[in-house]
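Below: one structure, written as structure tokens.
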Amino acid sequence: MYQGKVVFNIKEADNIYLLGIEAPKKILKSFKPGQFLKIKIDKRFDPLIPRPFSIHAIDENILYILYQVVGKGTKALSEIKKGEIIEFLGPLGKPFPKIKNYIICAGGIGIAGFGFLLQKSVNKKDFYPPEKIFYGAKTKNELVRLPFLKKFGIPIKLSTDDGSKGYKGLITDMVEKELKKNPQIILACGPQPMLKKIAELGEKYKVKTYLVMETFLACGIGFCMGCVIPSKKGNYLHLCIDGPTFLAEEIDLGFLS
Amino acid sequence: MDFSVNLGLLKLKTPLMLASGTWGLGENLDKFFSLKEIRENIGALVTKGISINPRKGNPPPRLFETPCGLINFIGVENPGIKEFKKSFLPKIKKFGIPVIVNLYGEKIEEFLELAKDLKKEKVAGLELNISCPNVEKGGIYFSYDPKIVSELVRKVRKVWERFLAVKLSPVGPVYEIAEICEKSGADAIVVANTYPALAVISLKPFKILQGGLSGPAIKPLTLRLVYEISKKIKIPVIGCGGIISGKDALEYLLSGAKAFQIGTTNLIDPRSAIKIMRELKEFKNGLCDKSDTC
Amino acid sequence: MDFSVNLGLLKLKTPLMLASGTWGLGENLDKFFSLKEIRENIGALVTKGISINPRKGNPPPRLFETPCGLINFIGVENPGIKEFKKSFLPKIKKFGIPVIVNLYGEKIEEFLELAKDLKKEKVAGLELNISCPNVEKGGIYFSYDPKIVSELVRKVRKVWERFLAVKLSPVGPVYEIAEICEKSGADAIVVANTYPALAVISLKPFKILQGGLSGPAIKPLTLRLVYEISKKIKIPVIGCGGIISGKDALEYLLSGAKAFQIGTTNLIDPRSAIKIMRELKEFKNGLCDKSDTC
Amino acid sequence: MYQGKVVFNIKEADNIYLLGIEAPKKILKSFKPGQFLKIKIDKRFDPLIPRPFSIHAIDENILYILYQVVGKGTKALSEIKKGEIIEFLGPLGKPFPKIKNYIICAGGIGIAGFGFLLQKSVNKKDFYPPEKIFYGAKTKNELVRLPFLKKFGIPIKLSTDDGSKGYKGLITDMVEKELKKNPQIILACGPQPMLKKIAELGEKYKVKTYLVMETFLACGIGFCMGCVIPSKKGNYLHLCIDGPTFLAEEIDLGFLS
């Protein structure tokens, strides 16, 4: 594992934090959009297993993680103070596919990993920018990092469940409207019901659909076989090696609750 | 400091072994260690459980974290013996450390077939996983049935002349099984596999995960088994359960283990072996400083 | 919300019981709770193990903390049945909740004598601790010997007409013992006592502590036992192991336990019972909100 | 348990910290010198059991704890930041005995509990001040809180193992010199070898000797019977009920390592 120094760990919204980790540029250079790292919170045994997070952005020698507090690991992470050292391992998993003419659909904290994609697609070399970003959350307050996202000049469509900002309703409604007009490749990350819906839309509008999936991970490097996603063929894919981004048509989404 | 250990038919450069299922099939050792590090720190590599046919393993979820522990329900996902020999063994042989193949069978015949199949291969030893259901006996675990274990070990012993270890389950008639393994010709026993455990993963709808518990939570339980069993038998006991630090490893060695395996800690940090061996050396040095008797 | 539970001969106002040995003899309940709190939250109080003669217990150290767990080696320190009846029982009776006396004996005769001695007292029930050495059988634990347990339960049943529970050890032939308790006339079984464990308390000189492991570390293990055992028997199973929160308690109830006991958590915070019952109510409310079926 | 807010947690010397906890005066008023409290570090399960600490001082609504980092509990405690909430239970155990004409002997962090005694003995009502304080540590750097201790105007004799401050050698040597001249009651707290030596001196000079003992505690309130100290009579005393201060003559010190 590498050691990184926490340079900030600030609340962005209810239960959402932005963590900055200082680490050698050499290490950070190896990270590609779509990949993730795992963070060992501290030396105590509770929580025991490092938790996986996407890379939200990289600036010089600072790695940004955007995360939501959902359980004891993220709770403990949110209590870490500036100056403390944390251990991490990465890059893990596969980068996003190299696609053109696509839209992004993000639900809630699912936005986290796309910041880095935007950063890296500015020069249109290894990655291409999306045509549009669809970003939904429960309320206005949970739509985070908008100034950062907006600075890439890509149209962002917002929705909230309560209508406190943007379209009132599900982000997938907006995506469907877009696909009707203009069928395009979709790259989506968010809660399970959203992913299911996106997969359906992908099928309906016959567009290639990529889903960024989640499971509980242990090793993150293919040792434990713990992170399986059932495939349509009947075998299992491993999120930490074959993912986290999968072609929707290859996955048996029935296992999602 | 000389850390080499003699396990009868097997000599290890260090007492540290990588436990089954926590380094995959070992083919990626050199991704996380230099060759020098591998040879100086890792006494032996135990592969993931290997069965005759490929096994795709259990449906998700396969993992759940509990207080200071991890439940796994992998279901021995592995490519099968043929693919293992073809695509993995050539790679892991090159690391220059003893390779011990962990065998998974659901009938005595399966274990025998696997053992025979490996006779011509350059593997240092076998580890029999007896925490498997015995389909010939209605699915009751091998480890609950001393007679079956005796038959299993004797039969494998007949066809396998190199190092042969049996990996015990920590539940069931453990002491009896340990003694029977010794009598039946095993060279060593590994104490122990994971503990049968249950986690509630959803309250509503009520969903559970049953699997094996590993990690620091179980250390006090397995340490006791190692202590008690190593008083009862003469063949080496290899301790395995919850080792995270060099101090943990030393506790096992002082409690009667001749060598030890590390499992869950590899999942936390793939370079755990290096850290543990470094700490073990420091601890041993510290202890030796104060007297001559160590 | 009505939390009352029916354990056959015993009705409890809530499913929460204070586990043996973690509230002393219970005489100080009113130091940490109001009478109202006691009656509304604590279904029953189980006393520390009581033996015929006073026991001074084991030499120090008696405690050791392990990852997410606690090893204890108390040795059933208690004032003996006579002193218990004289100085403690009058006090704890006044709290107005059922008192269950945990009996510790090393011979069947001792359990019988204790049971008879309590017949005239106002105690709601007995809990037989079978994780004790049987001196008539060379010190092997009662809990390893289904025949002896059967004899023990039958004999106590003959002299004791009120609620009778047997507290199982989590090691040994657990399922067999559970079934035999049911057949022999027990009203309920408590699953389970602590797990035999070992800690190294000093590397040099090498010193160990052997005792029973409790706390969150063991929750996944005991939860599994409760789940499996409650499928096998009809009498109520009372879950006990590692409960710290209302969610833990609910997991036990959903896994098949009719009631639950809290132990180690009392040592962390004597007011745990209040916190756990409050959380349990909140959780149940939360679950019920979403459907009518609870 | 009560909740208290950490108002400071500062390093005093290598591995020694001073913790300030804000708590209602009503609660703090119930604490007497010699008593202790137990602190639950946080909601995580590692460490699981609250750790016991003496009261070093009380100022208005602030409770002071002076502690040394020795293991995972104290390590975790030292990482708690200003503003965080911790839970504690107390007062626990018996106060110091009400004695007059006595000396204090403190070894290392054993000094912690005597600050509160000095505070409370200023008015000579419930507690009396000692004649002298003997305070030893390994090095000058580990002799802490001297300005605070000195302000009570009681003679303080210092020793360090390395002679970096005060007498070079064991503090018990200085105590013995004092007893030779002037046999007095002793109240001692410190490492086990020091306590053993003090008990011997008490016997040799025929003075009443009180030792503040330590064991690992679980409940701290007499529930678990885990905290025993063997008595000379052959039974066991319970540190959290009968102690932590014991008459040396009543204890079988053979169990100390």
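Residue numbering begins at 1 within each chain, and the chains themselves are lettered A, B, C and D in the order written.
Just so it is clear, a residue touches a chain if its C-beta (ideal position, glycine included) is under 8 Å from a C-beta of that chain, and two chains touch if they have at least 3 such contacts.
Since this is a predicted model, take the numbers as computed values, not measurements.
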Higher number of C-beta pairs in contact (A-C or C-D) found for C-D
Chain centres from averaged Cα atoms put subunit A and subunit C apart, in whole Å, by 47
Note: subunit B sits from subunit A at a C-alpha centroid distance in Å of 36
Listed in rising order, subunit B residues that touch 2 or more other chains are 67-69, 215-216
Touching at least 2 other chains, the residues of subunit D are 45-47
Contact graph of the chains (line, ring, star, complete, other): complete
Subunit D residues touching subunit C in their complex are 1, 40, 45-50, 87, 89, 215-219, 221-230, 234-236, 255, 257
So, in the complex, the side of subunit B touching subunit C is made of residues 66-69, 71, 171, 195-200, 203-204, 206, 208, 210, 213, 215-221, 223-224, 227, 242, 247, 250-251, 254-255, 283, 287, 290-291, 294
Listed in rising order, the residues of subunit C that touch subunit A in the complex are 67-68
The residues of subunit D that touch subunit B in their complex are 45-46
Interface with subunit A, subunit B side, in the complex: residues 21-24, 28, 48, 56-57, 59-65, 67-70, 72, 74, 77, 202, 215-216, 244, 264, 266-271
